[in-house]
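The two complexes that follow have chain A in common; it is paired with chain B in the first and with chain C in the second.
The block that comes next holds the complex of A and B.
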């Protein structure tokens, strides 16, 4: 009796106010959730007959959810929901747009691939939409619990999707490795978050930041910060937490590999940037050296291993590891550059957008080429100029962009990272910029090697029949080529300088 | 030693302590406990039942799906009980939230039903 009585007493003392929900701010997620449920219902009613409508239906859902993102962007106001736990600002909106469009391009990549194989199409698209929903939530999350829920919502469907080619042992290996490493990372991150909550006594990042500045630096805080960041380092496959990536990328269905390499990695970065710049603005002395080491290791080791790869998907996997190193580099100087880390966050978001365009495009070419060559070896790209000039040109654009050669988008992305590093005018920033510069030169070697194969080498089996590229892949290639070139030539990238205005009251 | 290096030293000390404590417990136990190995102790532990067959024996996939559905509704119950004790306080907002939550779960059950997962034969 006593325990229940006590519990009753404690509970009744806490009043509850229904939070007012700004439905406009919440519209992208609400539409995507409702649409995903609709797709499930269509699958339930139609069963086999509904299969061929699934890609189109899911794609429309992503585009519909993009509409409120655009209206919110035009509106421009920063909206804060649930006492600052969920913030819709331009930083969040730019990323939501990125996730939704990437999701749409992945649907385009998957359409023919899934229809050709003996797969469960309907569930594939439903899980893809759920994962994208988790990412859009992640972009707005400013609270430890919301971040964790978003991370699990985006990860769990991805574990299943990685093992989608279920009769293939490599795909099973991919799914299992991804799931085990993902759960391991979640556990470490949760441990870090629990320590963080223990120090600050609140789960909202802005409140944590205030508490930490007033409490001063404590050893517990160092542990909490490191463990939390390590959890996301797994997600973005930073060295030394990258070991799952090549095997998972190779075994998973290729369109899903593109999804993991782009959207899932971007979501990990979003959480990392949000937590570091919002919750640890005063803990730069702990976080910055760690990010410096992580970034330098990631880009160097990723590039060195990528050079030795003969399989194009594994090469792109290690190239993705190396790119993650450049992307996180601004975090090594975030407190020393403009507006308390906003310019670092801005450089990272722009890099993520351009990286998504060029990497999705490279995977689209790999998927299109594999329809003819049935091979993932780099040597199988030989002679492609003769029988697939369009694909060769597109791939060259993406490879030059990944290598950072102007006027492709990758150049702009790298330039912003370097300028943030040099703006800091510190030894740390300058040395990291040097490491990144050396790595950019190293990386050009293996990107241009693929271009060399396509332009100058003969076809390995002498087969020069044309590649038939399905319309959905053509559309995906068009979107990614235009995005890659447009961002590089015009320097057109979203302006997210309002980031943090609500969270930190700046 | 600079300030931040000292903080990283704490991380290392923490890791060493974690390894040390586990090592000390296992080491102490091995010193104190009697050592009487027998064949029975090497058997696989299977909830008190003698293990039958090899470790690679297969079980019906149907059990797995039922277990998943069970977990789904078990978690639902975990959320509903505390919610129910304070429903008057939550008002229509709380009611609507729970309706959305249960509707999504029901969609899952309906999906499993329609796909023939609930059929045993």
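The block that comes next holds the complex of A and C.
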């Protein structure tokens, strides 16, 4: 018997239907993956000579991958791949667009920062692109295994990136803490998923949802749901699982901090929203109170600690913790609002988009200012109006937006969250809205304190030489300012509510 | 006496707890890392036990992904631990406290 004959026999015996792949639906990921490979090859061939082209090359990749996202959005149809494990609907597309554009802005933020230090630029951009690839997969994942792989694909490069300044002990510490807490979170989440699989008998969220609705609440199921949610709570730095965030944010390179605080956090939220609204509709009486407590704790404690910070990056880190509290608030009432939690999901997606714009912008200003001041202290922002009026204006826009003052985008985001909470017409929703309202007032205090430093305080050492802002940072600032103002003034945010529910691909 | 899935699930829960407690009480980054691996492997046992009980292949498929991802995590994690150890030999997690507040 020849080997070929044996192989023929084996192939005939095992029935194998190759799945049909909708390449259009898969195009953003395929392009990003191919482009990342291209960047790796260019790095290997070009070595030192290729370094200065890396940011541009990676940026083009992100923009190219955005094109199929736009065509799919215009097409508007919900596409389901791999027996419902991978779904491309407007919810997924809005988030893919968000991840790709934030990735592009982070490349703009990193360009000068990486070129100035001896930081192995090429590898940095390759890992950044891999992480964004994980996020775009996460937006479509409707299967426990896919969600897990996407989560790790976006996290593992981020662990390395957090420890990027490897000769700096602070950066080492940031990376080690992030890595240990990140794997800890995925282990807890995985244990929850294995229990979920044991109860439901399938890894696809659509099948799990069907099974669980008839199961009702059982202790094992409650454990499974809570473990899974806790895993994501680490990723979005919800109190009491937030302890890694400020340390990692301070120690990591600042452009990467912006990436972690925005894109990585948004990806955690995406998984959380997808799992809760699609797989746990029958478990609302367990999940909702848990999310209520998590959300109230996160916004209150985040804000209280943010007030005491003197370092701007740590302040933004804790403000990000507090903002995560507002973002997850609609999940505390998801079953009581319209369209099977779609209004809750829609409020969260819009908040994530606006939050990304204003937070990336704030980090862009911090990076630009640090080029002159070489300091992260809030007091070093004193008197900036006199020598950097442009940066001051931009920072004021972002701070007002973060504080939720109209007509900036942050106001629209908060308004949507409040309206979902009040729509539920339940005690839970109303009380959480009250907690959020008190917190918004508290938060305004420390955001406006930074603005006060910039506008009214004298420069700390009387140094009023101009700040030289490189063109890449100007571009990043322009994109984020426009997005923040446009969303607030015109209320222009992607509308994902035209579908009955987040598509499950049944 | 027949060894049923329940035994394996109990073993998995025990291993998970050992890893969990180990991560919280041990201060050496390497041992903390080993505790994490223990937790991931507890998950694998749980997935296989359920797959066997349900007579479904998806659980065993999940194990492959968990294994591969755990291997990738080891590569990245150990490289970070080595980078830290180079700077500060004999470091413990308690010594890593230049960032706080």
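The definition used in the following text is that the second predicted complex is superposed on the first by the 482 of 506 C-alpha atoms of A that agree within 3 Å, B and C clash if a C-alpha of one lies under 4 Å from a C-alpha of the other, contacts with A are read in each partner's own complex, and residues count from 1 in each chain.
Here, contacts are C-beta pairs under 8 Å (C-beta built on N, C-alpha and C of every residue); 3 or more make two chains touch, one makes a residue touch a chain.
Note that this is a predicted model, so its numbers are computed, not measured.
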Superposed partners chain B and chain C on chain A - clash or fit: fit
Chain B versus chain C as contact partner of A:68, first or second or both or neither: neither
First, second, both or neither for A:183, with chain B first and chain C second: second
Partner chain(s) touched by A:285 [first = chain B, second = chain C, both, neither]: first
First, second, both or neither for A:43, with chain B first and chain C second: first
Chain B versus chain C as contact partner of A:201, first or second or both or neither: second
Partner, of chain C and chain B, that touches more residues belonging to chain A: C
Contacts of A:219 with chain B and chain C, given as first, second, both or neither: first
Contacts of A:97 with chain B and chain C, given as first, second, both or neither: neither
Superposition-derived minimum Cα distance between chain C and chain B (Å): 5
Complex contacts: residues of chain A adjacent to chain C: 144-145, 148-149, 152, 156, 159-160, 163, 166-167, 169-170, 172-177, 179-180, 183-184, 186-188, 190-191, 193-195, 197-198, 201-203, 246-247, 250-251, 308-309, 311, 314
Chain A contact footprint on chain C (complex, rising order): 9, 12, 16, 19, 23, 29, 32-33, 36, 39-40, 42-43, 46-47, 49-50, 53-54, 56, 58-59, 61-62, 65-66, 69, 72-73, 76-77, 79-81, 83-84, 87-88, 93, 96, 98-101
Contact footprint of chain B on chain A as seen in their complex: 11, 15-16, 18-19, 37, 40-41, 43-44, 47, 217, 219, 222-223, 226, 285-286, 289
Of chain B, residues touching chain A in the complex: 3-4, 7-8, 10-11, 14, 85-86, 89-94, 104, 107, 110-111, 114-115
